[in-house]
Structures are given as C-alpha cells and as structure tokens.
Amino acid sequence: MSQSLEEFRRFRESLNERILQSDHRDIKRFFALDTRAYEDGALPARTKELLGLVASLVLRCDDCITYHVVRCKEEGVTRPEFLDAFNVGLVVGGSIVIPHLRRAVDRLDELDAADA
Amino acid sequence: MSQSLEEFRRFRESLNERILQSDHRDIKRFFALDTRAYEDGALPARTKELLGLVASLVLRCDDCITYHVVRCKEEGVTRPEFLDAFNVGLVVGGSIVIPHLRRAVDRLDELDAADA
Amino acid sequence: MSQSLEEFRRFRESLNERILQSDHRDIKRFFALDTRAYEDGALPARTKELLGLVASLVLRCDDCITYHVVRCKEEGVTRPEFLDAFNVGLVVGGSIVIPHLRRAVDRLDELDAADA
Amino acid sequence: MSQSLEEFRRFRESLNERILQSDHRDIKRFFALDTRAYEDGALPARTKELLGLVASLVLRCDDCITYHVVRCKEEGVTRPEFLDAFNVGLVVGGSIVIPHLRRAVDRLDELDAADA
Amino acid sequence: MSQSLEEFRRFRESLNERILQSDHRDIKRFFALDTRAYEDGALPARTKELLGLVASLVLRCDDCITYHVVRCKEEGVTRPEFLDAFNVGLVVGGSIVIPHLRRAVDRLDELDAADA
Amino acid sequence: MSQSLEEFRRFRESLNERILQSDHRDIKRFFALDTRAYEDGALPARTKELLGLVASLVLRCDDCITYHVVRCKEEGVTRPEFLDAFNVGLVVGGSIVIPHLRRAVDRLDELDAADA
C-alpha cells in the first residue's frame, strides 16, 4: 500500500478545500448533499455508512472504500459485520472486487493496529 | 414499464431453473453463495437487502433492483427508509442512476398498490 | 425500439413527479442540481448538452442518451456535429457502445422525421 | 424476452446500415476494426468469439451477448464450453451478471430449438 | 499524488512506442482513430477535448483525465470552464467521481504553477 | 510503474492469507470458486486465462490484468496471441483501456526480461 492513511487524509482535506475555494456554487452544493447523505435520517448513519461502503466496493473506488471503512469503524461496525458487508460486495461485484477487498482489509488492520 | 412484476418473476424462476438444470457444479455453487449472502448473520437480512439494493442501483441493474425492492419490502423496509437508501444510491452513482430510480419507484408503487 | 419517444416522455415526467412528491429534501435538491448542470454558465448550454450526451454514451444509459439527443437538437446541434460527438463516445467507450449508438441514431431519425 | 432473435437481427442490420450511410469516415473505420478483431489471427476466431462473449457478459450488454452467443454457436462452441465461459463471466463480474446470464441461456435455448 | 506530470508523460510516451513497435496492425489503427477523434471537424478540437475530459471523469480513469486536462489547457479552456465541465462530470457520475476530481484539480494547479 | 511484480505478489499473497484467516465461510468459498474457474474443464485452462485477461482489461483492473498476464505466460501464450487478446479488449472496451494496456505491456516486458 503506497499511501498511508495519514497521507490519504491530508491530500483529501487539502484538495477538498481547494475545490470548495474555487467557489463553483453547484459543486459546493453537491459536496453538501454528499455529506448529508450519510447523516441520521429514516435510516441511521451506521446503516448508511455500510451502504456507502458496499457501493464503493462494487464501483471499485479505493479512496471511497478507505473513507467509508474509517467512518464505519467510528460508527462501531464490528469485524464480523465488516466481513458480512465485504461478502455482499464480493458476491454482487465479483472477483474483480478482490484487489479492492485486499486493500480494504489492509486499511482495517491499519486502523485496528492504531487502536491497540 | 414494459414487463409486469409477475412476468419478471416467471422469467426469473424459469431461467434460474434451466441454468441450475444444466448442472455446472460451480455455477450452482455461485447461486448458493448469492442466496446466502443476504441471510441473517453478523448483519441482519434486512440490512443486507438494503446493501443489495444500493449496490444494484449504483451498478444500474433493473432486474437486481426489482428483486431487492421486493425483498426489502418483505423485510419491512418503510417508504422513508427506501427513499434514504435511494438517496445514497443517487449521490454515490450520480444522475445516470435516475432512470433506474424512476423504475424502482414505479415497482414500489406497484407493490404498494397490490397490498392495498 | 419498443418504446416511442412519446411513451418515454410520459413515463419520465410522471415518475419524476412521483419522486419529487415523495418530498425527500435531498433527492429534490439533487434533481435541481442535475437541471442546473446544463444551463448556460462559463460553458454554454449547447456544449454542456454535448458533454451530457457523450457521458451518457460511454456510461451506456439509453434513457439518458435519448434525453440529451432531444436537448442537443433543441440547442441546434447539427447531424455532422452529432456524428463527431458519437465518434468520441465510440472511441472512448469501445464497441460495447455500439448498441446504444444504434438506438441514438434511431432516436435522431425519429426526431428528424417529426420535424419534416 | 421482449424481442425475438429475428427482430434483434433486423434492427441491428438496418441501423448499422444507417450509421455507415452517414458516411463519417472514422465511425466506419471503427466498425471495420470491430469486425476484424474476431477474425482468425494469432488466436483463432473461435477463441476470439469466446473472448467477446465473456467481455460482453462482464460489461453486461445484452445485445453484445446475443451477438457473440450466435457467433460462438456458428464457430461450434458446445453447451459445456458455453457454461464454462459463462462461469468465468459470472465469477469475474459477480451476481450483477446473473440477469444477463438468464437472457444468454434463453437465447442459446432459442438457437438450439431453431436447430432441432 | 505519487506520480509527477513529467513521469506520467515519459511512461505514456515510452509505452505507447513499445505498443506501436509490436506492429499489430489493428492496434495501430485504433491508436490512429483515437488521435483523430479529437481533431477539428464538425466540432472544434476544443469542444472534443472537453468531451474527452468529461467521458474520462465519469469512467474514472486518472491517466485519461490528466491527458485531457493538459490538452484542454493547451486549447485555452479557462478555469471557470473547467469547473463547469467538472460539475457535469460530478452530477452525471456521482460522488464516486470525487477522488478523481481531486486529482484533476491537483493536476490543473500543477499546470498553472508551471505557467506562472 | 510504482510497484514491482515482486511487491505485487507479496502484498497479494499476504492479504489473501489475512482474508482467509478471518474465517468467513462464504468469502472462503468465493475464493475457491475463483480459483476453480480457471482450471481445465470443457474449456482448457489456457483459454480460460485468456478470458480472464480480456475480462480484466475491459473492466480496467490493473491487479487482475497483472495476475492473468502472468498466468497466461505460464500457460504458454505467445506475444502475438497476447496482442490479439489485447486488441479484442481494446476494441470492446475503447480508448479508456489504453492506460491499462500500457501497464499490461510493461508487465509482459518485465516477465520477458526475467526469462532472458
């Protein structure tokens, strides 16, 4: 894994800021919609983060997977629950998902090690 | 919507049967894995069906969406919960998801009308 | 082509209305962002509709293609310009785009016949 | 299956002709490249048609699948070979491929019935 | 961003050369079609590069995005025009496009800094 | 190419092991199905590896491409056969495949150099 979680966060924060500073009203609104999509509503934030994780797995976006793995962990998702969600992503999306699953598990191990 | 829910079900059942009758051991095992992925486990069936629904939305597969809309309803997912899940799919997958969202809402209306 | 342009429009309008009536604030906002994305801005509406058309081609969404073919024609896009845009979509997206290209050309012929 | 193999062929032929008549030089060249990609070369046509079939399955394009199922059958691909190729497509592409697999098997049955 | 624009260019040039040297006639013809797709025609090169950029965004290919960002800048596309094109890509393709948007903006900043 | 073939192999092996150790029965079964999909059957392993390679190309997964390039070479696939398979992937998947084709050719050169 070439990029640490810390580098990922720094690049993400810094570029998001540059995008929002460019002051394109509708891009800013899209970013706001994206944030709110995962807040408590009819479905709780925890479930929505799992939805975001599996959507990211089947669409095979490593950065999105990393983001939702971190958020799911903050919402208290347990290792067996992660594995069940990974399994849904794997069955729906097929073996093409496996390289992303490897990196997701690596991120999860990195987060668990930081906790220990 | 050219195909009724009833036609969808008949075609799905009949062809699944023909696929399983062809007796390719590993295709049969894949179908078994697919069924089990949505059964109660570390995550409950209800959450897993929502995961399947959003994965199907962002991958834009009408038949898969129809199947998971039906199953989510059987698991007691409410209209506001459906809308929250649709919203996650829409934000993650973008406006290209909208035609599938229209058909998903049409299916849901069809199911609700059948209930009434 | 199983569905006429008129049927497409009716289904689209009627379902969009049902989605907006369901009154999910953020889904409504997404629909508003989607509309505004194609309005005159730094880039003119005509160019943005061409962008929407080619994005729909490479993502292979027939309903989205139909919608943008209609809008491009309203913006005065000529047949040779359509063909150039189709060619970009075909080269970027590959032969998997061809079935959608066939349906796009059929829609364009249908629109031209209605004009004549 | 809403469209018969015969209707599929007629629409395909007629629209391909209209596209080629529009006389866009590079679209015509793309169509020529597409045809030649499946001709005997370092790999035989039979293998190339199987490659086209599995690529169409994982990209989930029904028209492309139908086309390559027909061509594979002309190249003498047997039912057990089809099932092995379908299985690769299913494992790589996941359960999202299943609705297309059902339609592929239905096409194959239609072709076999026409032979009988 | 692990790879500089200069490294990207060198790898791209060197491998394109190796591919063309392998002397597969139809791969060479595909590369020629790809080049010509963005030349002035019924639509000007500038518009075609914007089409290539948005197609690359929604298909989420960083290398293709980098290439078209560079070419758009050469064609005189302004920052507000880039943002409008990014917004179309974001709305059509959804939040899954955001990591690629971050890298696109980073490339654009890199190009502007080189100009200054 | 930031990651050597050796690093790719080590990361792949080590993470696959961690995934299998997590002891999720159905994830393990999926991995077993994935392995068996490429074994001799009605179609020989060599053909199946070519199917896996082209599926990986059109789905644009570098790790999967690397894996199948290595396996195809072990099965005795020759350079002209690789080029024919690459050409099918390129025509079906379009120019968006080109960056992955560059990396595939680079891997193949790396393997050939190791042989020499």
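As written, the chains take the letters A, B, C, D, E and F, and residue 1 is the first residue of each chain.
Following the convention adopted for this analysis, a contact is a pair of C-beta atoms (placed from the backbone, for glycine too) under 8 Å apart; a residue touches a chain by one contact, two chains touch by 3 or more.
Just so it is clear, the structure is predicted and the values come from calculations on it, not from any experiment.
Overlaying the C-alpha trace of chain A on that of chain D calls for a turn of 180°, given as a multiple of 5.
For E-F, the matching interface among the pairs A-D, A-F or C-F, defined by over half of the contact pairs being the same residue numbers, is A-F. The distance from the centre of chain B to the centre of chain F, with each centre set as the mean of the Cα atoms, comes to 31 Å.
Spacing of chain B relative to chain C, judged by their CA centroids, is 26 angstrom.
Averaging C-alpha coordinates per chain places the centre of chain D 23 Å away from that of chain F. Counting partner chains per residue, chain B has residues 2, 26, 30, 33-34, 37, 55-56, 58-59, 64, 80, 83-84, 87, 90-93, 95-96 touching two or more of them. Viewed as a contact network, the protein chains are fully connected, with every chain touching every other. The part of chain A that touches chain F in the complex is made up of residues 1-2, 60, 79-80, 83-84, 86-87, 90-91, 95-96, 98-99, 101-103, 105-106, 109. Residues of chain D touching chain C in their complex: 2-3, 11-12, 15-16, 18-19, 22, 24, 26-27, 30-31, 34, 37, 55-56, 59, 61, 63-64.
Looking at the complex, you find that chain D touches chain A at residues 58, 90-97. Across the interface of their complex, chain A is touched by residues 33-34, 37-38, 41-43, 47-48, 50-52, 54-56, 58-59, 64, 78, 80-81, 83-85, 87-89, 91-93 of chain B. Within the complex formed with chain E, the chain D residues making contact are 26, 29-30, 33, 36-37.
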